Amino acid sequence: MRAIEILGLEKIYSAGFWRKRSKRALRPLTLAVEEGEIFGFLGPNGAGKTTTLKILMGLVFPTSGTARILGMELDNPRMKAQIGFLPEQPYFYDHLTARELLQYYGQLSGVDAKQLSGKVDAILEQVKLSNAANVQLRKFSKGMLQRVGIAQAILHDPKIVFLDEPMSGLDPMGRREVRTLIEDLKGRGKTVFFSTHILSDAEALCDRVGIIHQGELRGVGAVAKLTASVHGKVEIVWHGSTVPTGIRSMGAECRAAGETMRVIVPEENQDAVLEALRREHLRLISVVPVRTSLEDYFVAQLGAPAKSEVVSSGN
Amino acid sequence: MNSRIFHIATNTFREAVRDRVLYNLIAFAVLMSAAAVLVGQISIQIERLVVINLGLTAVSLFGIVIAIFIGIGLVSKEIDKRTLYTVLSRPVRRWEFIAGKFFGLAGTLVVNTFFMAIGVFAALAYVAHQFVSSDVSILVALYFIVLQFVIITALALFFSSFSTPIFSAIFAFWLFVIGSFAQDLRNFAAMTHSFTRWLATGAAYVVPNFSALNVIGQVAHGESVSSQLILLNTAYAVVYSVAVLSAAVLIFERRNLK
Amino acid sequence: MIRSRQVTTIASTVLICSMASAALLIRTVDRARPNATLQEMLYVSSPKLLKRLCLGYDGLLADVYWTRTVQYFGGIHSRGGGTYKLLWPLLNITTKLDPHLIPAYEFGETFLLAKPPQGAGDPQKAIDLVRYGIQNNPGDWHLYYDLAFIYYDQKNYRDAAEAFLRGSQLTDTHPFLKIMAAQMAQHGGDLQTARMMWTATYQTTHDKMIQANAAAHLSAIQVDDDVTALEHLVQEYRDRTGHFPQTFSEMVSAGAIRGIPLDPLRHPYRLESGGRVVVSNPDDLPFLDNGLPSGYIPNPVPKLSPAN
């Protein structure tokens, strides 16, 4: 059984006073997440990440398509007891203290009353908010609120944790902590589905990522595979200071460094360059693939035109 | 299921209290004290009458204002502030949320009224120096006022589930005003013909029947309230509130929480 | 830092000065519009509309209007009396909002009936008011008494007796209603009846103004009695001596009376030429028919002293 299974989820908002204009927030999305993996949902702002999450949480109803979490329907309370959710820029009941808030949420999640107190304390410890446990939430800083948010998401020991932009608003220390937490969750066998537009986080944490742009899924897969799919580059270093004619005609930029010349060319030109160097009897020093970053992949995807047509307004 | 509604209700109550809503009791206490002291000098012979009229009217108006002010934000505030997202992602059904909010606010108002009742009786004791057996009807009047609160709370919550606070406040307030004329509206409807009659009668029965729930005048004169009326009003308040809350649930269940 | 201190000083001074000026202006404005407060009381003069407007809280609004009625009356009375034009509308509103506000009926009966400057002088409205009161409070004996009083004042002794009779037949009634019913039927016009009526009013009312009014009437009745008796004695003296006495001392010396007679306010009576007995201070005794000095013009402001 897959942890999350999304089949053709689509969301079209009808906007405007007479509901004539439609806005397609989500093109039919199909996606699956396995248990125990960390899945990153990437995309620029407004891409549809939050919409997807809201549909999964049952806050928004899809125009078409279905989804299942842990094999159960989205409105199944048994399923909801096993998931946790941290919304974007969370805000909580002003007048409650951190402890009271977590107790409240624990009660709503059906945590056993006898164990609740202990669990709350443990979680507060885990997110390093023990000394602010009895402070009212309206006095919390953004970073502290984020940590409370994570706390309420994992308090009831859910199988899957959904995080919407968990790193937003955090300082580097905070982000490191959240990263550690996510890794920790995975270590405990939990599935983590989080959305972000910060690629470095995704690169570091995720087993797999999905990239969404303008409501459409542009790519899904392991980070390494995705970056490999972009035409890689190689860096070729040779001895000397001359540039073979063949290379120059490729239009690639060569740089001199001490007694060596180096050039970065697309992978497919690698053989041609090596051939050129051989013909001129230049001594090859190294051929090293340049690692494509996810960012490159990202930019490449986003630059590509949308596969499906744009819905015209005034339908 | 029940425990979740209970917890939401308790949380709503706690929020209201910490939002300092109970401070209105201070204003009320000041009002009743001033009234008790002044009444003796201004309205001889009818001190008891004035204290009861003033006290119960104040309880009613204060409570309705609170019911509307807090009620209109019950749902919309949680949506605006996104606290609702973390609640609904839990095994809490949407209708349970509505029910919990309702009981939370209704409970707050009952507690508030309880303290106010003490104030009214204290002022009465000061002014009249003794209680008479007919003062028991004051409790009935208070009970009816609480029933009014229950209905207003349901209405405010209903509007809050789909409308902005400003409009919710306006609608709820107008329904309260029209509800006080409910009797007149029904009479008026009976005098019209054909389509207007349909419309007017429909409106007259949809509007909450507050005219029957206001027995302040008769209680102030020491008249008792028939137990039949008590039963019927209770039944009406329950049924009407259930209807309104069902409507709220119907709307809320379908709402996309953008 | 100095700048902010300057600002604080200036702002505080301006604040105090402007608040003081505002308070003074309010007083000046009030003097400039003496009737305004009265008029605004009746922006809404329709009881039905008011009943709708008060959203079911008519009990409290009735109490408010009753308080205003009393203050309206007291205000005009303390300034010398008048025609009390708004008395009926105010009482009408009060009783329509709360038909069970019994004190309003008594007040209306007394001061709608009384002629200006003591009251509005509108007996028909008084009857309407009390009749409405009886309709809504059929078991309250005070209202029948009030109605009877109005008829008595209008010299309609038959209807007064009937009102007393109906009142005496209630389950919860005062015994004297029966007595008055009989008295009224037989001796409607007698001074004794008047004395009984006013004594009853004096004893049963809680309203200080109504009490003072009743006391003044009782004093007037007493003077009436005294003057009649004294003039009778004066006549006897004249028959015996052939001339009218000049002073009461004369009569005392002659053994006709025991001492200088005093009126209910403990002032001595005086003798005028022609054997008329008059009071010394007519200003202190309103409602007099007999015993007024010749040439005396009654003060438009009746002096209602506290009852005794």
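Note that the chains are named A, B and C in the order they appear, and that numbering of residues resets to 1 at the start of each chain.
Criterion: contacts are C-beta pairs under 8 Å (C-beta built on N, C-alpha and C of every residue); 3 or more make two chains touch, one makes a residue touch a chain.
Remember, predicted model here, so these are calculated numbers, not experimental data.
Comparing chain pairs A-B and B-C, the larger number of C-beta contacts belongs to A-B. Nearest to the overall CA centre, using the mean of each chain's CA atoms, is chain B.
The geometric centre of subunit A is 90 Å away from that of subunit C, both derived from CA atoms.
Note: centroid distance subunit A to subunit B, computed from Cα atoms, is 48 Å.
Per-chain CA centroids place subunit B at a distance of 45 Å from subunit C.
Chain contact summary for the complex, subunit B toward subunit A: residues 3-4, 7-8, 11, 14-15, 18-19, 81-93, 254, 256-258.
By the touch criterion given at the top, residues 13, 54, 57-61, 77-78, 80-81, 83-87, 89-93, 95-96, 100, 104-105, 107-110, 149, 152-153, 162 of subunit A touch subunit B in their complex. By the touch rule above, subunit B contacts subunit C in their complex via residues 42-46, 49-50, 52-54, 57, 60-61, 176-177, 180-181, 184, 210-211, 214, 216-217, 220-221.
Subunit C contributes residues 52, 55-60, 62-63, 66-67, 70, 98, 100-101, 103, 206-208 to its touches with subunit B in the complex.
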